[in-house]
Amino acid sequence: MDSKLLVDAINLTLFGMGFVFVFLALMVVVTTLMSASVLRLQPNASLEGSGPVIDDGIDEEAEFIIREAIKMHRRN
Amino acid sequence: MEQLNLLWINTGLHQMVWGQGLMLLVGILLIYLAIVKKFEPLLLLPIGFGAILSNIPGADLAVGDGILHLFYQVGIESGAFPLIIFMGVGALTDFGPLLANPKTLLLGAAAQFGIFATFLGAIGLTSLGIFDFSLKQAAAIGIIGGADGPTSIYVASILAPELLGAIAVASYSYMALVPLIQPPIMRAFTTSRERQIKMVQLRDVSKTEKIVFPIILLLLVALLLPDAAPLLGMFAFGNLMKESGVVDRLSDTTQNALINIVTIFLGLAVGSKLMAEKFLQLDTLGILLLGLVAFAIGTMCGLLMAKLMNIFSKNKVNPLIGSAGVSAVPMAARVSNKVGLEADPHNFLLMHAMGPNVAGVIGSAIAAGIMIQFLG
Amino acid sequence: MEQLNLLWINTGLHQMVWGQGLMLLVGILLIYLAIVKKFEPLLLLPIGFGAILSNIPGADLAVGDGILHLFYQVGIESGAFPLIIFMGVGALTDFGPLLANPKTLLLGAAAQFGIFATFLGAIGLTSLGIFDFSLKQAAAIGIIGGADGPTSIYVASILAPELLGAIAVASYSYMALVPLIQPPIMRAFTTSRERQIKMVQLRDVSKTEKIVFPIILLLLVALLLPDAAPLLGMFAFGNLMKESGVVDRLSDTTQNALINIVTIFLGLAVGSKLMAEKFLQLDTLGILLLGLVAFAIGTMCGLLMAKLMNIFSKNKVNPLIGSAGVSAVPMAARVSNKVGLEADPHNFLLMHAMGPNVAGVIGSAIAAGIMIQFLG
Amino acid sequence: MDSKLLVDAINLTLFGMGFVFVFLALMVVVTTLMSASVLRLQPNASLEGSGPVIDDGIDEEAEFIIREAIKMHRRN
Amino acid sequence: MEQLNLLWINTGLHQMVWGQGLMLLVGILLIYLAIVKKFEPLLLLPIGFGAILSNIPGADLAVGDGILHLFYQVGIESGAFPLIIFMGVGALTDFGPLLANPKTLLLGAAAQFGIFATFLGAIGLTSLGIFDFSLKQAAAIGIIGGADGPTSIYVASILAPELLGAIAVASYSYMALVPLIQPPIMRAFTTSRERQIKMVQLRDVSKTEKIVFPIILLLLVALLLPDAAPLLGMFAFGNLMKESGVVDRLSDTTQNALINIVTIFLGLAVGSKLMAEKFLQLDTLGILLLGLVAFAIGTMCGLLMAKLMNIFSKNKVNPLIGSAGVSAVPMAARVSNKVGLEADPHNFLLMHAMGPNVAGVIGSAIAAGIMIQFLG
Amino acid sequence: MDSKLLVDAINLTLFGMGFVFVFLALMVVVTTLMSASVLRLQPNASLEGSGPVIDDGIDEEAEFIIREAIKMHRRN
């Protein structure tokens, strides 16, 4: 029974890892095609700012600055 | 006198068993790590507090009608809390870097080998008689390697609710420890020269691409792996709310009030799974050990995949961004950047690492769907 | 091989029936309308996404323990979500224009004939054997003519939950289409001269009147039509929180975090009623058709009532504000303003149209109460 | 039976529409009386600004301006 | 005709019994007190509105599937709402003044005699045959003297849910009346000279002390009185979130959106316990009477304790801060300050009174735990 | 039975009030010890502002000012 368990686990690992790769590789293809179509259909599409931005970090920083400003305001 | 005696009998002190005392210390430790060491405080502070509340002798907060048990039933047993958090994470995620360089999705795929290797390891150790994990339990433990808290909790709540407390604690603790766990592995599996590879500046990504992407993700999941649809569906929904730009008030609330409220109750509910008699077992030690292994293997596979891709591709990627494929957003991406700067102080990898970083979120959810489909 | 086969059998692709594929397209259409055409995106984006999630073959999100079904049970079956939204709408409503010119309440009354005419039409078509609607179903369909989403959903959840999906989609879609549906009818039923009528500037309304009004509304409903009390009670409560000025923090949260959170889950829960086998029926076509008729008749009756009032009253009202009596706040009032400006570029009707606009919300809730009392 | 259904529907329509009118007409009366009493009791009641204002539209605009200001602030 | 008759039979007017009419007036009175007299409007406005909704004849909102009854079951029967509010109160509480002068904890202890004296009084009046209260009911009534709304509601929901409406109304009403109830008692039990005592400036309190304090509070409760752990645990959790400084987004949401949302539904749910047949009883009169006595005795004992402490201590405390020990945060502390300024216009007691004020919150929760342990 | 009720109530009062005092007195001791240890371990601990502050009052004031400022901004 133990060996049955191990065989099941190995099978699941192979199929699972395979499926993860297939799925994400498919996403690479589909995403690339999608981007190509979008860029062809909207050649001059308004781009968001300059280059992708990590919202998180920068938002947090800005929020922090604003909060500090409010704190300073409160102290005065 | 009789009443004084009754009072004494009812105190926590009198009713306490050693395990509960130990768990109070574990709760304090988690709070200490959250506050002083800044270990994922948003989750570990509520979880630590929940651990203390759950182990108060005689209070019975984590069983029956206890408030923490109610939070658990309403929010975790139903699946609602992790799914809502995932919606919030979606609303906080920017797929721009991924869309600018889609092949980094493969790095997010490779890093999921940490999940499956750990699953295999847990079953192997069971075969050897060292631990005693079922396939379901091993799968739930493996998902720790996905380095995504809500995914871990969601899978554990379905496949192995009895291990949920330990799995959540391991998951968030190791995510906090990513800056300690990853760099040695990154240095061991890359040459100094590889670490100095400069990547081409990412192209601009249009708003339309960002809007279409979550819909494509949803449809692919719908067609190929329905069991991943709850997780990735809510994730894509959150992202679409953000990127569409037409429901800003919903998106703002999702990113703030809603995710905050759910985080508080998720943390307390997870804490309810840290009751002494369930947590203080050899299994927990195994989970902590295997979780660490999962992170390490995931990191390693991400790096190796990047090196493999460089063999076949003209546009070289810096292998350091491969380790970000485990997710642990955005910590792992920052670690890639930091180790990259050590090798070359002008080499900024942060943006490039965000691609595999968010790909890792998708990859883990896919792995989770597979586990649920075959074992759930 | 066996496992590959199992994986394939479990994919959405293999399990899909044609209806589900069609509904995925319907979901995408709703999302498209929400994002690109800005059709009530706050509701149609979540509903569209919910429609996709509900029709993922094998995921079973909209039945049993599926998360969307849980949202439906907790929020819509209980009545909680539409009532909370109505509370939020109350907190966003200003009764000032209505209080300055109370007779515009009658315009809000007249426009409800769209509800009853459609109800009658649905039963008529059933008598003719064209459709097969029960009295309850016909009533729920008629309420679409009230042009208030939460009222439609509330009534449908009580009288005809099996039609809730189609009714909600029709309701929000036509609300978004008000700028297309109403103007031709408005031009057809008014003369150019009527459209140029200038109305006297509205008087100032005191804070006290605004505070007393929701209490009076509540008491009248309590005394005369208890079945409208849940809807109008919550509406009046929200408005009182806002106007009283003593619970601003509650009012702010109601208008923001609370209504946003509930809107998200209401939308997803409504989406769970768009499962293929329930939605893809001839009935749905009938609902879409009848809903359009309801909007048109409501618009017409509002206009005609205004003309009737002008016969008996010295202070003429511009009949264009009558069409705002269907509610669809604040879109219908804006349409009144726009068509008015076409006839005379100095004739601003927006303020004057806000009176019948909010009166229409009350009128529909009263009509809903009647339907529930006689048929519920 | 079909004709029974139709008769029921016609009855409900007549009563329903009648009730809606009666109710809202009653509201016209009660509201007018209420306003008259309030204005008599508080002749110099502090009025809210000048004329009724559609909170929605204007608030949204102001919010939009503030949000844009914050965005600009963040960019700098 | 038949239908007209049916309509009439179903109106609220026809179905109303005199008690419901009276309760509609009570509801209007509560709303009046909230809006015009500013009596704790955050609670009394929703409670008053809930009272009206619950007593609409034929609407049945407070029983069965009625929406207010659902709010009651979900939020109060489960204990969730008062506990979440208490978490929010914890996140709004500053223990700094208490930590700077810990002996003021004793003032918060003394003021709890109001609770027990009232409990004793209620049983005494029952022994004399005037009222008919059980031990549980008497305990729930006594807790009104704790001057903490959520504590009162929590205890009443466990020990005497049938009295919850009256207890909540009494509790919040008297908290609003503290500026009228306390000053005469304060003047009667202190000399002018005592009222002029100047206290030494409070020392600075470090962040570490503020962080450690809620953990110590939790552990003491855990070890000594587990039945107080739900209340004080959530209270300490809220406070720790605030003071730790590492989860500001959770703390902000707790202090704003979350506490506001829960307050709205708590108020409506409490209102559902104001149905005529349950509220219009002699018991309610007894509760209102005993509640007032409880506030008065609590105030008196706080003052006397301060005078007692002055006999044994070198650092004199101004006895006026003793009355703040009943809690009613922050109203009672402001009353201490105001009466102090009457005696000496340069004697600012506000900071000094905040210590006993928050100590009173802890004291009442301990008293509540005792009652629940012995009677629950 | 009535006297039994009264005796129970008196007992609970005595024990209850006693426990409240013991608990809060214990808190005085533990809190004092805690503060002493903290101050010994962190003699120069960064103190929060000057003296304990009632967050509520002051925050509300600051919030009020900010809100008014926003309102003024909206009017213009």
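When the chains are written out, they are named A, B, C, D, E and F in that same order, and each has its own residue count from 1.
Assume a residue touches a chain if its C-beta (ideal position, glycine included) is under 8 Å from a C-beta of that chain, and two chains touch if they have at least 3 such contacts.
Predicted, not measured: the structure shown is a model, and the values here were computed from it.
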List the interface residue numbers of chain C and of chain E, divide the shared ones by all numbers used, and answer same when the ratio is over half, different when under half.
different
Return the chain pair with more inter-chain C-beta contacts, choosing between E-F and A-C.
E-F
For chain A and chain F, what's the span in angstrom between their mean Cα positions?
44
Distance in whole angstrom between the CA centres of chain C and chain E is 41
Chain C and chain F: spacing of chain centres that average the CA atoms, whole Å:
48
Can you tell me which residues of chain C touch two or more of the remaining chains?
3, 7, 224-225, 256-257, 374
Set of chain A residues in contact with two or more other chains
12, 15, 19
Footprint of chain C on chain A - complex, ascending:
11-12, 15, 19
List of chain E residues in touch with chain C within their complex:
3, 6-7, 10-13, 15-16, 24, 28, 31, 34-35, 38, 41-42, 45-46, 49, 52-53, 56-59, 61, 65-67, 70, 256-257, 260-261, 263-264, 268
Complex contacts: residues of chain C adjacent to chain A:
3-4, 7
For a test of understanding, state which residues of chain A touch chain B in their complex under the given definition.
2-3, 5-6, 8-10, 12-13, 15-17, 19-21, 23-28, 30-32, 34-35, 38-39, 42, 45-48, 50-57
Within the complex, which stretch of chain E touches chain F?
92, 94, 96-100, 102-103, 105-106, 108-110, 112-113, 115-117, 119-120, 123-124, 126-127, 135, 138-139, 201-210, 212-213, 216-217, 220, 224-225, 330, 350-351, 354, 359, 362-363, 366-367, 370-371, 374-375
